[in-house]
C-alpha cells in the first residue's frame, strides 16, 4: 500500500513535511489535491517526485511491482471529468495495477460507449466518473458483469448542485453492480478498485 | 382541447359535479389522479365514462379526430413507471394523437433500447418516464433528434427522495433536446407532446 | 444543426482547439459560457467569430438558411435575466429561426405583458426566462396555446437559492403547456424551441 | 382580540377543556385545525359553537362589533386552497372585519383576475392563498397598492414538496408589497390582516 | 411612492442610467444594494444623491412630506444586522415616515429588550432584523400588539446556512402578528411597513 | 446508571424480552418510545413496571438514591412539547436527580418566563424543549449562567419541517451556554443533564 | 447469477407471475421487498419457495454451488438494522458465498467490535449496515484491509432524515476502502460483495 | 467569565474599539474569528494581547485563576480540524481550566484512540472536534462516562456539504452522553465545557 497525503486544508509546509517524512520508509507515496504552491513545495523535496497538474496529484513511485490480477478500466463522461478520472488512474497505477483509460464517453452518444464495450468487459473492475446527470455508471453497469465503482463529479451547473444530482443518480442506479464514493473522490475509487483487483 | 379535471385534493362529489358540468359542452373530458371512490362517482354519471384504474384516469372521449401530424412515442423505464406513462398515453390519445408505447426499457439493459431505436426515431416527439436515477431521457435524447419530454417518477426508495433524484438527473441531462415536467406529471408531458405534434 | 462547445470547465486553449477543429467541417458553430479570456482565444482564430459578451456566446455563423416554420418568442422578466435570454435567442437564430424578443416583462407589472400579448400568441413556441419567484411562465402559459419552455435563472438573493425557487415554481406551474430546463440553460431552451419550430 | 386555540397536537379533551375555560371570560373564541373528533368534543360544550368542517375552524362569536376601518380581500388560487382561505376569512370576520372573498383565481387564467381587479383595489389589505408555484401574490401585488399577505398552501405534488415551492416563490416575489406567513397558515394571515385594517 | 432601483446584477452604467432617467420625473428615488463602484457612478450624477455606504443605499430625497400616521420602530439583533436594518430605515424615511431605531437588542440579553419595551409599544408597526436563530421577532411580537415584519439576515455561520435558519425560525413564529420577507430584504420590510403606516 | 431500551423499531416481544432480562441484574430500567402495544407487553412482565402513556416511557425504578448535586430544571414551550419534556424529566429522575418542571412557557409570552426566572437560576443545568421556531433556549440561556441543553421538538407544521426549523434555530443560538440534542430526544437531554449534575 | 425481482411497487399478482415465469429456466430466484400479501402469493406457487419475513426476501434456491473464493462478513450496528443485513446475507448466500454474520455491534460499544476483529479480518469483503450516524463502516474500514461496502439504513429519528445522515456519513468516510450503496439497499451490497468475492 | 468579541462580520476598527473598551474593566477578554487585518488592529492596542493565528483567536489574559474542578480533554480527528480545536482549547484555558489536548485521532485508526483512552477517562468533560463523517464523538462517547460536547467542523468536500454531514452524524449519535454545537463552533464547546467543569 502506498502512503497517502490529502493536501487540501493543510499548508504547503505541512504537506511537504509529512511527504518528506513518509518518503523515508515508504516505497510509494501519493499526495492528492495539491494546488500549485503545494505542488512546488513537494516537488522541491526531491527529483523523485512527479507532479500531475491536471488532477493535483504528486507521486513518489519507487516500487512498480504489478500486484493486480487483472485490468482496471477507468471511464469518464466528459472532458471536464478527466481530472477526477486521472486521480483514480494514478492511484490505481501506483498501487500496482494495469489501467485501461476510456475517456470522453457520454450517455447521449451511446455509440462511442458501445464501440468500447469489449474493452470494458475485459476489466475485472470498472471505475466510472461522471458529472451532470451521472447516468453513465448505470449504462456501463448493464454492459459488464464485474463490480462498477461510480464517482460523481462536481461538473455541471444550476440544478447539478455541485455534484449532488450525479451522486443521487448513482446511488439510485438500476444496475445491481454499482457502488458509489464521494463527489470528486477519484482517489477512493482507484483505491477500492485496486483492493478488488488484488483479491 | 379536452377539458381536464385534476381530481386529487377534491372530494368525489366535487369532481363528479365538475365533470358532469363539463360534459355538457365539451366533446372530450379527462379526469386525472382519481382514486377508487372518486372513479366510482364519475363512472356513475354516464356509461360514456371509461376508467383506467392503473393510472387513475377517466375519459369521456366523444371526438376521435386525429389532429397530430406525426406519432408520439411514450417510453417507460420499469413496470412501476407504467401508471405515469399511461397517464401520458391517454392524454395524448384523447388529444388526437397516434401513440407508440414502448414500456419496460431500462438503461441497465441498453440492448432492449437499441432494438427499439427505429420506432423511437420515427416519432415526432418522445415522452420518457423514469424513476430511480432517471437516466433514460439522456440516452433516448442521444438516439433521436426530435424533442424529448422527460417525466421523473416517484418510483424508487432511500436516496431517490420520492423522485427528486430522477428530477435532478433529467434537469442536468447532457442531451440538448430534453425538457422536463414535474414528478409523476404524465398528463403534462402528454399535453405538451400533443401541442408539439400539432404545430 | 450547429456544432456546440460548452466552454465552462475547459481551458481557453481546449475550447479554441475544439472550436477550430469543428470550424473545418461545420457550417455553424456555437460556443457557450465563454469568459473574457476564453472569448479572446476563440476570437483570435478567425474574424468569422462573433462574440456576445453579455451572454458569453461566440458564433461562427455561415449558413443563414431559415429552417423554422414559424416564429419563436423569447420573453425575459428582468434586466438581469437578459444574458440567459440572449443565449436562447442566439441559439435559436443560428439554428435558423426568426426570433421575437420581448424583454423586461415582470409579473408584478402585468400590463406590460398584456400589451405584448398579441406578439406572444403569434409565436409557435415561447421561451420564458425568469429568476426570483419564476412566475412568468405560468402567466404566459395561460395566454398562449403553444408550448412554453421555461428557463429559471439564478437571479435573486436569499431564499432564491441561486435559482432553486424559480426552478421549483416552474416545475409546479398550473399552466399545462409548460416544460422546464436547467437553471440558466438558455441554450437548451433555444435548442428545443428550434426543434419544435422545425417539426 | 379573540382567544385562540390551535387544536393540532392536542387531544380532543385538552382542546375542549381549554375552549370551555376561555369561553367564560372571552367574548370571542376561535379553535383552529380541529379534526372531526375534536370538533365534536367542542361542539358538545354549548350550542354557541359553530363548526366549519372544511377548514376545521370552530367559533364562539358573541361580539360582532366591526373594528376594521376598511375591507379585507381574501383571494385563493384553486379549489383545493379554499380550506386555508376559509381559515383566514373566519379569523378576519371574528376579529371584526368586513371580508370580500374572491376564490378560484389562478395565474394561468389571468382574465378572471383582471375582471376582479376593482374589488381587490378597494381593499385595505389583501390575503392571497396559493399552492403549486405560488405565483398569485406577485400578480396581485402588482395590481394593488396596499399590503399583500401571501399564504403558501401545501397543495400540489412532486416538486411542490408540500408547499415549499410556493413558499420560496412568495418569499422571492418581485412585488414590493408582499410579506409571507407559514405554509397553510390562514389564521396568521387573517390575524395580521385584521391588525393592519385596524391601524 | 419613491422610484426604486435594485442595483445588484446590473452594471454601474446601467444603474446610473436608470437612476438618472427616473430623477427627471420622480421626487424621490432610492437605489439599493449598490457596491462601491456603482455608488460612485450614481453619486457623480448630481450632488443631490446621498450615499449610505453601510447598507449600499443611495437616495435622491426631494419630497420630505410626512405621510405615515404613526411611528415605525426598527429593531436589530446584532451589530452585523445593522446594514439590513439601515436599508429598512432609509426606505421607511424616504417614504415619509418617522422611524424609531433600536439597534443591538438580542434575545440572549432580554433585559435590553425589556428596557426598550415602551418605545416598541408606541409604534404602529415594528420591523425586526435578526440573523443566527432569528428568535427576536417572536419575542417582540409577544410584547406589542401591532403588526411585526420579520427580516431574516444572512448573518451567522455553519448551520445558519446563509440565513435559512433565521428564515425558518421566523416563519414558524409562535407570535400571531408576525409576517416575513426574504433574507436580507430590508427594503421590502421598510416598504410594507410604510404601506401599513399609511393605511 | 439505569439500563435503557429504545423501543421504536423493535417488536413488543423483542422489547419485553430485553426489558425482562435487564430487570434481573439492573436496579433501574428505562424503556423509551414504547407504543400502546409495546407498553402492554412490558407492563405484563411485573407490577414493578410503571407506564407514562403521554411520553411512552416505562420505568422499573428500584433504587431511588439521589445522586445529583443540585437541581435540574426542565422547561417546555407549549402543551404539545410536554411528551418530550416528560421523557427528559423521567430520565433525570430515575438517574437520581431532583427535577423542577416549568411547562408551557413560550417566547411570545415573555412574562411567564420572567416570573419563573428565579427557579431557573437555582438549577445547576436546564433542559429546554421547544418546537416551531425553537427560540426558547436562547432566551433561557441569557437568563441563567449554567449549561442549557436544548431539545428541538417535531411540533409545528409547514416550514417547521418536522423539527428542522427548531433544530437549526437552537444550533445557531446567540447564547454561549447552549448545546443541542436530536429532534424529540428528551431522553438524551435528561441523560446528559444528569451527568452534568453529578460532576 | 440468480434472477431477481424487486417486489415493491408491483402488485402481488405481478410479482407472482414474474417469479413463476423465472422459475422455469433459472436455478435460483430471489424476490426482495415483499410484504406479507405478496409473500403469500409467491409462497403458494410452489413449496420450493422459502420466505424470510424479517427482511421480506423470498428464495427459490436450487443450485447451492459455492462460487465465492473466500468469506463475506456482514456486520450490523443495531437490532433494527438486522432486516437490511439479512437481505444482504441471503443475497450473498444464494449467490454462492460463505457468509459470516456479526450482528449488534455499535460504535458506542467499541469493545464488542474489537472482540470480533479477527473474524472481520478473515473476510475477503465486508458489508456493514448501520443507521443513525452511520459511523460503523469507518471504524470497520480502519480494522480490515479488504473492500468494505457500507449500507446506510433508514433506522433513526429526527435529524436522521430517514437514513440521510447515515448516507452522508458513509460517503464522507475517512477510511479509504469504503464504498456506499443506497439507503436500505442490502440486496445491492450482497450482490456486489458476491462479485468481488468471485473475482 | 471573560468578555468575548465575535470578530466576523465586524470591521477591524469596530472589533478593536469594542476590545479596547472591554479591556478597561474586564480581567480577561477573548476575540474569536479574527482575520489577519483584524488581528493586527487588536494587537496594536497593547502588548498584553496575544494572537493565535491558526484559529484566529486573540486573548487578553490577566487573571489565570484556575476555576475548573477537573480536567477538560479536547480531541480532534485530523490536522485540518485543529483550528477549531484550538479555539475550544484557548476558550477553556482562559476560563480557568486545565486542558488536555489529544489531536489527530481518527476513527479509521481506532488504535491511536484506544492508546489515549485513559487520558480521556480522566477528564470531567470531553470536547470532540471532527469533520467529514463526524463519527469520533460516538466512539469517544462510548469510552467515557462523562458529558461529551461534539463540534462538527466544515472540513471535508463533496457530500460533506461544509460540515452538514458531520453535524447530522453527531446529532444522531448512538452514544447517550453526546450533545452538539454549531459547525466550527469551538468557542461554544470550550465555553460549555468550562461551565460543566465548574459545576
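Each chain gets a letter, A, B, C, D, E, F, G and H, in the order it is written, and its residues are counted from 1.
To be clear about the criterion, a contact is a pair of C-beta atoms (placed from the backbone, for glycine too) under 8 Å apart; a residue touches a chain by one contact, two chains touch by 3 or more.
Just so we're clear, the structure is a prediction, and the values are computed from it rather than from any experiment.
**Q** How far, in degrees, do you have to turn subunit D to put its CA atoms on top of subunit G, rounded to the nearest 5?
**A** Subunit D sits rotated relative to subunit G by 180 degrees.
**Q** Quick one: which chain's Cα centre is the longest way from subunit C's?
**A** Max centre-to-centre separation from subunit C belongs to F.
**Q** Taking the mean of the C-alpha atoms as each chain's centre, how many Å separate subunit A from subunit H?
**A** About 35 Å separates the centre of subunit A from that of subunit H.
**Q** Roughly how far is subunit A from subunit G, centre to centre by C-alpha average, rounded to an integer in Å?
**A** A distance of 27 Å separates the two centres.
**Q** Multi-chain contacts in subunit F: which residues touch at least two other chains?
**A** Correct list: 158-160, 164, 167, 171-172, 182-183.
**Q** If you go through all the chains, which pairs of them touch?
**A** All chain pairs meeting the touch criterion are A-B, A-C, A-G, A-H, B-C, B-D, B-G, C-D, C-E, D-E, D-F, E-F, E-H, F-G, F-H, G-H.
**Q** Can you list the residues on subunit A that touch subunit C in the complex?
**A** Per the touch definition, subunit A meets subunit C at residues 79-80, 155, 157-160.
**Q** Show me the residue ranges of subunit E that touch subunit C in the complex, using the header's touch definition.
**A** Within the complex, subunit E contacts subunit C at residues 8-10, 14, 152, 154, 162-164, 167, 182-185.
**Q** In their complex, what parts of subunit A are in touch with subunit G?
**A** Subunit A residues touching subunit G: 1, 4, 69-70, 124-125, 145-147, 149, 167, 171-172, 176-183, 187-189, 191-192, 195-197, 199.
**Q** Show which residues of subunit H lie in contact with subunit G when the two form their complex.
**A** Within the complex, subunit H touches subunit G at residues 77-78, 106-110, 114, 132-135, 138-139, 141-143, 156, 158-161, 164-166, 168-175.
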